[in-house]
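Two complexes are shown next, each including subunit A; its partner changes from subunit B in the first to subunit C in the second.
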Partner chain A sequence: MTSTPLPTGGPTLTATARDRVVDALRGDGLWLDLGAATWRVQSDSGVFADQLRTVYGGFPFQPSGDWADLHCEIVRPAGLRRWLRPQVIFRCDGQHPFEPFPADSPLPLYEWGGNWLAASRLNHLLLLHAGALERDGLALVLPAMPGSGKSTLTAALSRRGWRLLSDEFGAYDPVQGELRAMLKPVALKNQSIEVIRRFAPEAVMGPAIPRTRKGTVAHLAPDDAAIAARGRGARPGAVILPKWVADAPLQLEPIPGQMLFSAVAFNAFNYRVLGRTGFDAVVQIAQRCPGWRLTYSRLDDAVAALDQLWPEVQAHHRRQEAA
Partner chain B sequence: MRLPGADGRLDWLQALRLPEQTLAWSLADWQRVVRLARRMRLLARLACALDEAGLLPQLPVPVQRHLRGEQQLSRTRIAAVLWAMERVGTVLAATPWPRVLLKGAAYIGQDLPIARGRLPSDLDILVPREHLAACQAALQAAGWQPPEMDAHDQAHYDEYGHEVPPMQHALHDMELDLHHNILPPRNGVLLPVERLLARAQPSRFAGWLVFQPVDQVLHSAAHLFNDSAVRDRVRDLVDMDGLLRQFGSTPDFWPALVARARELELAEPLGLALPLCAQWLQTPVPAQALAALQPAGPGRPARALLLWLFAQALLPDEPDVGPTLAQRLATKLLFVRFHLRRLPLRRLLPHVWHKLRKLQQGPAVPAAGRELAQPIHPPADAPAEPPVSPPAAPAAPPR
Partner chain C sequence: MAPAYGRRDGIAVEPVGDFWAAFSPVSGESILLNDESAAILEVLAEGPATTQQVAAQLALDTGDVAADLHDLVAGCWLTLIDSGLVQQLALDPHVGP
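Showing the complex of A and B:
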């Protein structure tokens, strides 16, 4: 399987006039190629157009296309609800599987709905519930454990020279043996929003949306370099199980392969669906990648430790290839 | 009568039998079909047909990905239903004989072509009514749990149902539907299921029977045309088409089918199914069979209207277009017809009242608002998955 050719040239969403984006969303939709999958989205909500233009601003403005992997709509329902405490709903191929959201916060609905859609429909990929970033052709995989601060660390690394592949889906292609990009914005929750704002004041972030089930959520836009390279996959390099502990000194402990296996497999969205393919893929990752548990309290320390660690990871893979 | 939908827009369904014709499709054609077929729960079936013909590698790469992914989902679902079948068979080994596989499980139990690429989310089985309580008790002792239900709903199931409430098991990602009949009572009378049981045949799984072929066709037709919701159910017609092609060439199949339909008072659903199969799927249906099922006299225009309504309701609406006014109207009318036929008004009104009150007291789904989106009714092709977002919000690391 080859990667789908990326739309070349053309203005980005940010560089396109708002009216044209609104019109495209009201018409045939916008095609968003995120790397491993192309989304097509339609909407009659101007608020959504604005929010989309902020966090997907660096993506090409593509108002037509022959193919999209996932089709969804963010629409304002007809009837009384259009005027009284207005809402938006998420629709995909005639279904509307979610509760509506308030009309002023369509972006989290689109993001969460899109995650659900991807997790149930992209079964040609093993979808790890993990952050993934690339450096020197190798991918760093950060499985999501409760309390790990995976998104925060992923966001921080993506602002310090690591190429963001994905925050939510480690999209592993078992045929190519590579992680593919799934370049959705990084969903930051609660205090993480302020943490990342201070860590990277220049980063583009969508509005902070309060009172979701996850608390306040804000979306960090991927940077232009990550967007330009989204067609390129990366072999898995290392698995890091991050753990944030208040005031703890930084600590990196190697962990054995069987622990990596369970951390990667049992956290994946579609591990069971993929059956043997999924098992073989996770075995491959666990055999090839060294793994560490990273305990940290300061983001800067964690980023520095991973920067330092990476030559060792590269050496490990060179030795493995030579053998 | 030419039915709506016989205008070429269902031609893609032919690819299930003749996969070569997909080689002429453009990427835009495929885009439409992948979306339609997934919604109709036929995408994995199409993938299997293409795979068996060795055509998958010739298709556009993005199409291959979706077909292979859905095919894998189907493998997992079929493995899950086989496992449930095996475990349930063991649990019921000590209860009195017989037990029958229904619908998809029956097609799998005969290894029919229509069994390939299914996405089963439940296992449907049938036991005689007199053994129902014993089977239910044995299953419950083995961990198959009934859903929580109030007294009204329980009584409603007992009086108007043909099955016990769907059971679930902690180890099985599969619902178990234990039936004692193939249809709910009609005007208070149950279908004489003992006549179906008398002709049941062995399946390829020890300890499980399937109904004889004509009864399988009738069950499928009865199920589709006696249901409250028929939208997006064209797959049921594809199943019937598969059964009719599989067994239709056996001598005396068609006269036996028509005779059995009359005997079981299922001539109406069969009379609706056959013209739809013939016009939409080019099923080879003998003219005598079609003619024999036409009602005489004043029943004739009524049947034609009913057939038109079902055709409108069953016709898959196009992606990005949605159902037409006629389709929405037909769907609503058939819904009302279903409920009026199923329950006399003096029972229907209290039932509706009960449902409305329950809705008012406490919604089954979380109230709208700034809540994280959770599937209200995940489509059956999406079996239970880990939550899309982490189960607990990660503690953010303050600096």
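Showing the complex of A and C:
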């Protein structure tokens, strides 16, 4: 299953009048081409339209399309309770699998619901719980458990010359042998929000939304260059297992291929679903990529270390191609 | 009589780092194997065999003594069977333990 390329020209969501975005969401919906997949979203929430225009602001305004991989709605539930405590629900295929969210916070519900939907539907891709960025045609893959600082590091790299492919999904296409973009906003949590605001004051960020199940969350918008290039994949270049540790000195330790294999397989949402295809995909990544474990406390140090490492990664791949 | 062991159909074994990654379509599981276990699977790719036959083949390949390899091979079966890579077949009446 691949998405039909949508036109990328025309006005962006930010450049489109708010009323047109609201009308599109209330009508047939908005088509969001994220690279590896296209979402179609409908909504009757004006707040959602505003939040979408902020963090997806650089994406084209597409009120129609030939194809969407995933369809969902963010809507206000019917009934009298909507007046007592206004809420929104995430709906797909006529079901709403999650608890409602406050009506003033639809964006996290859309993002988490969309992630759940993608992880359960896009089984033509190996979906890694990983940040993914590209430089010089090679992808840096950052698989990690929650709390490891993956999103913060991904956000920081995306503001220092690395092209963001994804924060939540390292979407590996086993047929093409490359990581594809799943270009959603980077979800930052709690202290990370302020860290990235200081690190990249110019970056566009959505509202900080408190009291979610993950604490306070805010979403960093992808930059225009990443949006423009979201149709372009990248061969896997290196795997880094990041770990943020308060006050720890920077450490970058090589890891053997078997550890890399285990880390990638463990962090794949749909590894078991894909069976042999998933195994072959993880083997491809483990055989092609060098890997390191990165322990860091300061973002600037981590970014500089990865910048310095990259020529070595490129040389590794040149040797591999020549062999 | 010694039991014979057969390699499951459709398994995959690939080198990753210092180990071997193996996949079984029966269990849907992946497992990392050491060189010895991977070598046993390679021997079984030629057909079912008993512990003694596998040890003899590995001795030929490595120059080690078959008797020394017997316990090593015997110790690998449980893991290989549990991970769906190997199955125990009917007892072979022609081969001793």
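What we mean here is this: the second predicted complex is superposed on the first by the 316 of 323 C-alpha atoms of A that agree within 3 Å, B and C clash if a C-alpha of one lies under 4 Å from a C-alpha of the other, contacts with A are read in each partner's own complex, and residues count from 1 in each chain.
One rule holds in what follows: contacts are C-beta pairs under 8 Å (C-beta built on N, C-alpha and C of every residue); 3 or more make two chains touch, one makes a residue touch a chain.
These numbers were taken from a predicted model, which means no experiment stands behind them.
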item	value
Comparing the two partners subunit B and subunit C, which touches a greater set of residues in subunit A	B
Subunit B versus subunit C as contact partner of A:Trp162, first or second or both or neither	neither
Contacts of A:Trp112 with subunit B and subunit C, given as first, second, both or neither	first
Partner chain(s) touched by A:Arg121 [first = subunit B, second = subunit C, both, neither]	first
Subunit B versus subunit C as contact partner of A:Val283, first or second or both or neither	second
Contacts of A:Gln258 with subunit B and subunit C, given as first, second, both or neither	second
Partner chain in contact with A:Arg272 - subunit B first, subunit C second, else both or neither	both
First, second, both or neither for A:Ser151, with subunit B first and subunit C second	first
Residues of subunit A that lie at the interface with subunit B and also at the interface with subunit C	272, 275
Partner subunit A, residues of subunit B touching it in the complex	26-28, 30-31, 35, 38-39, 60-62, 64-66, 68-70, 72-73, 75-76, 79, 173, 232, 317, 319-320, 322, 365-379, 381-383, 385-386, 388-399
Subunit A contact footprint on subunit C (complex, rising order)	10, 12, 14-19, 21, 23, 25, 28, 30, 32
Subunit B contact footprint on subunit A (complex, rising order)	1-2, 4, 38, 66-69, 71, 87, 90, 93-95, 97-102, 105, 108-109, 112-113, 115-116, 119-125, 129, 144, 146-152, 168, 187-193, 195, 198-199, 209-215, 244, 246, 267-270, 272-275, 277, 296-300
Parts of subunit A lying in touch with subunit C, wherever the complex brings them together	256-262, 265, 271-272, 275-276, 279-280, 282-283, 286-287
